[in-house]
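Next come two complexes built around subunit A: one with subunit B, the other with subunit C.
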Partner chain A sequence: MADAPTKRRIKVPKVVNGIESIVEIEVDDTAGPQWGNRDQFTLIGKRLPRVDGPDKVTGRARYTHDVRLPGLLYGRILPSSHASAKVATIDTSAAEALPGVRAVIAFAGKQLRYQGDPVAAVAADTPELAEDAIRAIRVKYDVQPHVVDVDTALAAGAASVYTAGNIRAEEPRGDAAATAARLALCAAVVEGEFRTPMQHHSSFETHGVVVDYRGGESATIYASTQGTIGVVGDTARALGLEQGKVVCIVEHMGGGFGAKNGLDLPGSIACQLARKVNRPIHLMLTRSDEFLMGGNRSGSLQRLKLGASADGKLLAMVAEQHKLGGLGGGSQRNQPFMYKVETVYRTMDSVHTNFDSSRAFRAPGCPQPSFAMESILDDLAAKLDMDPIAIRKANISDPVHLRQLDMASEAIGWATGRNKRPGSGQAGPKKCGMGIGISGWGGGGGPSCRVTVTITPDGAVTVGVGSQDLGTGTRTYTAAIVAEEFGLPIKAVRANIGDSRLGNANGSGGSTTAASLAPAVKDAAFNARVAFFARVAPALGAKPEELAASAGKVVSADGKSLTWKQACAALSGTPVVATGQWKIGLSDSGTRGVQAAEVEVDTETGKVRVLRLVGVQDCGLPLNRLAVESQLNGGMIQGLGYALTEGCVVDKVSGLMLNTNFEEYKLPGVMEMPAFTPIIDDNDKRGVIGMAEPATIPTAGVIANAIFNACGVRVRTLPITPDKILAGLAANAKASGGAA
Partner chain B sequence: MNNFELVHPMTVAEASRLLVEGGDTSHAMGGGQDLLGVMKDYIRPVDRVVDLKRIAALKGISYDAKKGLRIGALVTLSEIEQHPIARRQFPAIAEAARSIGSPQIRNVGTLGGNLCQRPRCWYFRNEHVRCLKKGGDKCFAAPDDAENKYHAILGGGPCHIVHPSDLAPALIALGATVSVTGGTAGPRIVPLAEFFTLPSEGSILHETVLKQGEIVTETVVPVTQFASRSTYIKCRERESFDWALSSVAIALDVSGTTIRDVRIVLGGVAPTPWRAKAAEAALRGKSVTDVVAIEAAAKAATVKAEPLAQNEYKVALTQALVRRAAKMVAAGPRVAFETGDGGEPWTA
Partner chain C sequence: MSADSHNDPNTEPVDRRLSRRAFLRGAGAAGAASALVAAAVDSADHAGAASPEPRRDDSRAAVHKGEINLTLTINGKPRLVTVEPRTTLLNALRYYLDPPLTGTKVACDRGTCGACTVLLDGKPVYGCMILAADAVGRSVTTIEGLSPDGENLHPVQAAFVEHDALQCGFCTPGFVLTVTSVLNANPQATVDEIKHGCAGNLCRCGSYPHIYEAALSAGKTMAKKGAGNG
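Take a look at the complex of A and B:
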């Protein structure tokens, strides 16, 4: 180590709003914390129940929604009931006259571009009063023509969402003529039009804040957010305060999946109301408002044409990709997604509609092209009479994917369970089949977190950082890393997170939390241990470098030991406080995954049951195997809903969203759950890497392929509901000359 | 929701008086699983809720070999689902009960509420839509560019809702009656088959023959040859909690191997539970092993179907369910959740 360079510049990934880029940073490369031998861990890499699990399941955990303060008022937003309109007149007098209504804000003259666009807001003594108040507001709308679906938006003469029109095209890529010529020479060519609906994040806690501002120079904001620190600056601007005078608290939060960054709409309206009355405001969206103004995964329309050689080598592709992000630009990675195609011609545009803007959503831009690409690849395999795994192996070179394809194949029983030809399986109305697909993601970390570890003479150990727990288990691994360092049980360490006073942290986006935070926690724990050993070494008559901490004791090289309590008592009144930051070498970037599904299709009813889902995923060092498996399962569940039941339904005529509730927006429930086989790819010996996002990327395509393999029906429009299966079966029967 | 008055009568007479006095903005409540949703979503104004739960006369399931199975209006769907005699002798009813909503809803929702619930049409349930059922002048589900995959293929027009009850088709198939009390007409017993009204016949604002102030007090399912050879199967997009895309209640009266009589009632496809008489005719007098007759019955079940733009799939689906249900009851008497005739028999 002595002759290692002390400083060098390295490239690390950085993620802003779920979009990853590479930045160059300077690092100090002297000796420091290392994860060490995985076999010697007692906590890290084990199956650790969440430290806050009991609080969550007993209701003790306090979410933003639960925050109650003296003098609290309840805010409520009046959403537009039209997809496109202008506020002609607005009369708030009846609302203001209601006893207990303390503030009313009206957005007079506003151009409304989506159902849900705020028209007014109120603050009142109770949530019920706030609801009565928004309903007492009389709005006259100048209703304008709307467009809420892609086909209408693309048609000539469509109503314009923006003055610049509905279509924002990017430069085409590739050579159209050369690609067409190449396609003409292919042994097999398949094509298809793929459609994916807008998927709603459906977090159990809706968007919102409780902002505690009573006039004066400071404020505290409780936020359901993925970025504790980011909310501070937004709130300071919204309230006109200095950034240093605003505290953000996110003790527990009920999910975000990409939709909860910054102060957001309810937060900024809450701040406006708070400024108006100098009282704290509780403004959490209702479930219906959440559907209308909480964001979504952009929909897609993709027309693909793909050609291959007789041995399955992908030679040419024409891809027409449309991003359907409502008012937003949408997100969709380029085709071909994940696989190499020699010659590609691609067009890409954003098609706007009068619908809430899309936002980052678990692996932004990936599930849409994955569904289309995995689907068309199996169509091609069927045409060439190739095994779907063989055609995948012919078109990827990544050894990790190649290895994981074999792992998933073995786990699902591909060799014997798959139908050799789509629909060639068992007799009877219920047909089983299998599908497979791949994913990839960044998931790297970077320098952003500042972590403090404190050891007090009474033996208490705390670790503090501003970072929030999005639901991924941040609090648990934060405690575990510190406990591991000191050879303590996990409950001996208290992890304080979700408070901007506790130290800087990155927002949870792009699966970067663990890879950014864990190294900083490790560094702080390492520094605390070095300082702690220096302080307690004299009590053992040893040198600091001769000490080790293990199993609740501090031991010296000559075998003497102190219990943890005894060792801390030797601190003689002064705590050990150490800080840590992200260090290179403790995290890495770039994950790979493979998923496989087995489904059963009832060919009389069109009903699909997913029997099994296998997910193979690498993630470097898995900090908590239970949490990684849970993330993997959760991603697959979200993908299962995307595949089979979910999607925003918007009425073309009225422009209204029809399923702004969990009755008709159909999240999969307990009866939809298959047997899960989450497999952590332990061949990966790198540092910590985030993996929550890739876990949902290939699932829909994998399930679609399993359905195709089961019954020979290719459904290219999500969700794959019984009507589509029945229509496909009827079309197949007609094509083969049989009875419908 | 709007403020409302909550009253707790102790007798049916008192409940009825409160409803009559309150006029058409008063409403009876059993478990409240539908009514509270209607109120929270501002689908219709209700300023007096007449809570029936303290009325002892509306509670309890009892069985009498002569009178049949009597189910009080306040009996929860869970109680029906778990009732041993319902399971053994009236399997279609227990199966229909279990297919409803979620366990939480079944623990609270009642027989009376299930029969009197309002339709789930997502236009009707949208506060901003003033459709025919809310006094408006058009059905938003009818146009070709409407979102009508869940709507009616039989008996629709001018409104195209489907009736949401799962219990009703099963009860009708077994010949149940309902007792209705209150209002100005006095107590009456109505065959459940005549309880529901099509939008083209009764008032389009209502789905049943109930008049203001009238309350369903109980249903009685007679002891018949049909009862034990019955089943209810339901296809839905989400098993955990969903309405029927299509469902079938079927009951056979078999003598030897001959089908003496049969009742087939469809759910999820029409504005009322839909008696498939042509399908029944195709099976009547045939042998239980006559698969050709079963196929003919399946086809006949949808013979008058007039699908909307997005729901033609319900034709093939309904035929499949009729075929499947007929085969299940042709095989012999059944016990709900135990017979083992195709995985979980209450679901398609």
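Take a look at the complex of A and C:
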């Protein structure tokens, strides 16, 4: 079969382990940018150490928190001490009298709806003086009745969070009577009430900004944000400036996980302070304030009833789902989440409380239903004496999930490692078990980024885009895609990102950054290469379409070549500048994953140790294998925290959160870490797709199932702490007539 | 509902949260004072800078008086810094040194997460839990001092980059210094020993598995070089 007319083969040098050889590759210029054959990549899809790694390990990387400017003042916020109150009086005179305190803002008369709702703010010469000023402010509150937990909020006579009440119900789905009738005919029916707490993002760099405004018509804002471009408009509005006069800079940012979008509370208060004194303001939340006003993953209350045929086919489900997003609506996908059930009746509502509003958090609305559905599915499997993988396969049609279930099963050693029945394993106080579950996410990219590639006659190559790097490796794949296009080492390309002047870009949310940005970078690099070849071709006495760039050289079809430097020198003084935009076909959407866990439960102490976590994940074209593995591990670790250690603890009586710090809000640490097996599903040959979100979806359910398999205890309320294991063991012993 | 008596302006300040560090700051006043005497630090007590607001406890009121000039030994060099006695080493590095050293990160500011880890006489300590005055006469190594020229990375830094032992990077300086200290003591440290050594550092992005890989790899490099003096 003849090649398509747009394709041709060309010989180029290739360097492997320092040895150069000539290989033939296929190029396809006229069809526009395409990723081409993955086997030909020298950078993309390899294990690439991140290009900003040296800056991050030496302390050179400048985060928003690190920005220092002449005349900088340090801001701080006084959060409400009550979940529901009105500011009756506020006396800031003592704070204003403190030396070094330059600005005080008081929100007199404000209705406060959650602990953390800002009451006042200050700016002072040093962080310590700002803290002094906050402590010197005297507030008298008119304390009002509060509600901070779902049971109270749902009860008759509860205090109203909003005038419209505490419950915002959606239309029920399905036929209640038909579903009940179907359940009555099922061979096996299980039910359970599942609760998940609010999880806190706990980004290591807190929310905040440094706003450089000194009066006048322009400002620069440094922000710890997931959306560099989005902050510009917000800031312009807050400072009363034209949008074109505001620049946002996000060189590095210390984690977001969904919580950092827009100017946000600290940003808008910093702008108010800056306007007041016409001086730059540094306002980064304290850790405690971050817990109180930085958002959360909404909690959930889910009551599920699930029935199946004798061979495990899911026939009927009744699902009562409550989203617990505090003042926000919360987020929760519909049950039965990723499985197929023939007949479903479902109710869904948001239950409001006097607590900080929920925000997007890595796979919003997914870990909650995943935990409940994966759990109840294994209860059903146990009742039917089925293998959990078999019952999943009986209710999934997606071939990717079916394939990945086998991959995860093999990696964890399911066939021999799993107890045939929950708790049927080894004798002795320590019991091991395995669990498995599935995930998925849409993601995908769209036309939002504008990328510029510049090649200067001295040989320098730069690529610029407004996008930010949350720690996902954006800067690295941006450089890699351009370097790949020109056959250069990654070091030869400088990636400038995180600056609103560099071009439009989307905010990082929904795993869309890579799928939106990478195609635009590829397009810009492709356009730059075509323009570059047109300019360089005469120097090689060749036609532009006969050139190729590889291993640091520009080569013509007849074997003549120039080094990169020589080729750039032929630009005769004028740089090549090319732009690029998102192109269809370079990205895709829809990812799938499967995770499996092995745990050990100490039945004497109730302590759970996760021994191994396996994560199988597809992501189309993996731009940087090392970074994908880092994200896959990271997603599982956040899921492990969700399963075993994390959760906002809010006291019903006082209405206050009790664990606004890292001692009592327990992030998983080194001692909780299992062995990890991150597996990139290379069967997926599509374009670029983000994968940060699905990596954290199934982990909690998978661990809960492994615990069930280990010791026969089903814990339906996260986090699964030792007391819940011991209570479950005691209940099981009692149910089986006291035989432990 | 009635007014909240806890926040009656005549009784006490609104912010009654007592953090572990706030307690130590108060308790540290005596310690700091004695450290100052011992080190013969130049005390520049500006009476005008005293807080006009009487504090609830006297030790804290004492802390608020004036500024002190300290000479700290940071990354092998004497650095002059003017701080209040209550200023932590972390804040002295980040806010008071000129130019500041911002590689030492602040994440919890109360001795839990390890993002502010520095080496004090070679041992990892939380910069937020030590008063700057208490570091006088001791050797402070920050992340900026591990590879002074910034080009030739320390084996631990190089291994962190190579193994992608970081994502957002905010916990990274603390982890690098902690791992360096563990490997300085024993370049052949096992994974369990490395974990034990890092038990006081947290990472939210979840880079732990790559951190162990990096530490093991760096240990091999350091053992080969017979370094151990990082």
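Criterion: the second predicted complex is superposed on the first by the 708 of 740 C-alpha atoms of A that agree within 3 Å, B and C clash if a C-alpha of one lies under 4 Å from a C-alpha of the other, contacts with A are read in each partner's own complex, and residues count from 1 in each chain.
The working rule: a residue touches a chain if its C-beta (ideal position, glycine included) is under 8 Å from a C-beta of that chain, and two chains touch if they have at least 3 such contacts.
Values in this document were obtained by computation on a predicted structure and should not be read as measured data.
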| request: Check whether A:P197 is in contact with subunit B, with subunit C, with both or with neither, and answer first, second, both or neither. | output: neither
| task | Applying the touch criterion given at the start, work out whether A:Q144 contacts subunit B, subunit C, both or neither, answering first, second, both or neither. | result | second
| said: Between subunit B and subunit C, which one contacts more residues of subunit A in the superposed model? | reply: C
| query | First (subunit B), second (subunit C), both or neither: which does A:R68 touch? | reply | second
| request: Pick one for A:A727: touches subunit B only (first), subunit C only (second), both, or neither. | output: first
| query | Which partner does A:S81 reach: the first (subunit B), the second (subunit C), both, or neither? | reply | both
| Between subunit B (first) and subunit C (second), which does A:T58 come into contact with in this model arrangement: first, second, both, or neither? | second
| request: Would you check which partner chain A:L658 touches, where first means subunit B only, second means subunit C only, and both and neither mean what they say? | output: first
| said: Quick one: is A:P422 in contact with subunit B, with subunit C, with both, or with neither? Answer first, second, both or neither. | reply: neither
| task | Using the superposition on chain A described above, determine whether A:T126 touches subunit B (first), subunit C (second), both, or neither. | result | second
| said: With the touch criterion stated at the top, can you tell me which subunit A residues are shared between the subunit B interface and the subunit C interface? | reply: 81, 132, 663, 669-671
| note | subunit B contacts subunit A in the complex at 2, 102, 120, 122-123, 126-129, 140, 143, 145-147, 149, 235, 237-242, 245, 310-313, 316-317, 320-321, 323-324, 348
| Hey, which residues of subunit C end up touching subunit A in the complex? | 1-4, 6-9, 13-15, 17, 19, 48-49, 51-53, 64, 84, 86-87, 91, 94-96, 99-110, 112-113, 115, 142-144, 146-147, 150, 153, 157, 160-164, 166-173, 176, 195, 198-199, 201-210
| query | So in the complex, which bits of subunit A are touching subunit C? | reply | 49-50, 52-54, 56-63, 65-66, 68, 74, 78, 81-82, 85, 88-89, 91, 94, 97-99, 126-128, 132, 134-145, 202-206, 252-255, 257, 286-288, 470-473, 626-627, 629-631, 633-638, 661-663, 667, 669-671, 673, 675-676
| query | subunit B touches which residues of subunit A in the complex? | reply | 81, 132, 602, 604-607, 644-645, 649, 651-654, 656, 658-659, 663-664, 666, 668-672, 721-723, 726-727, 730, 740
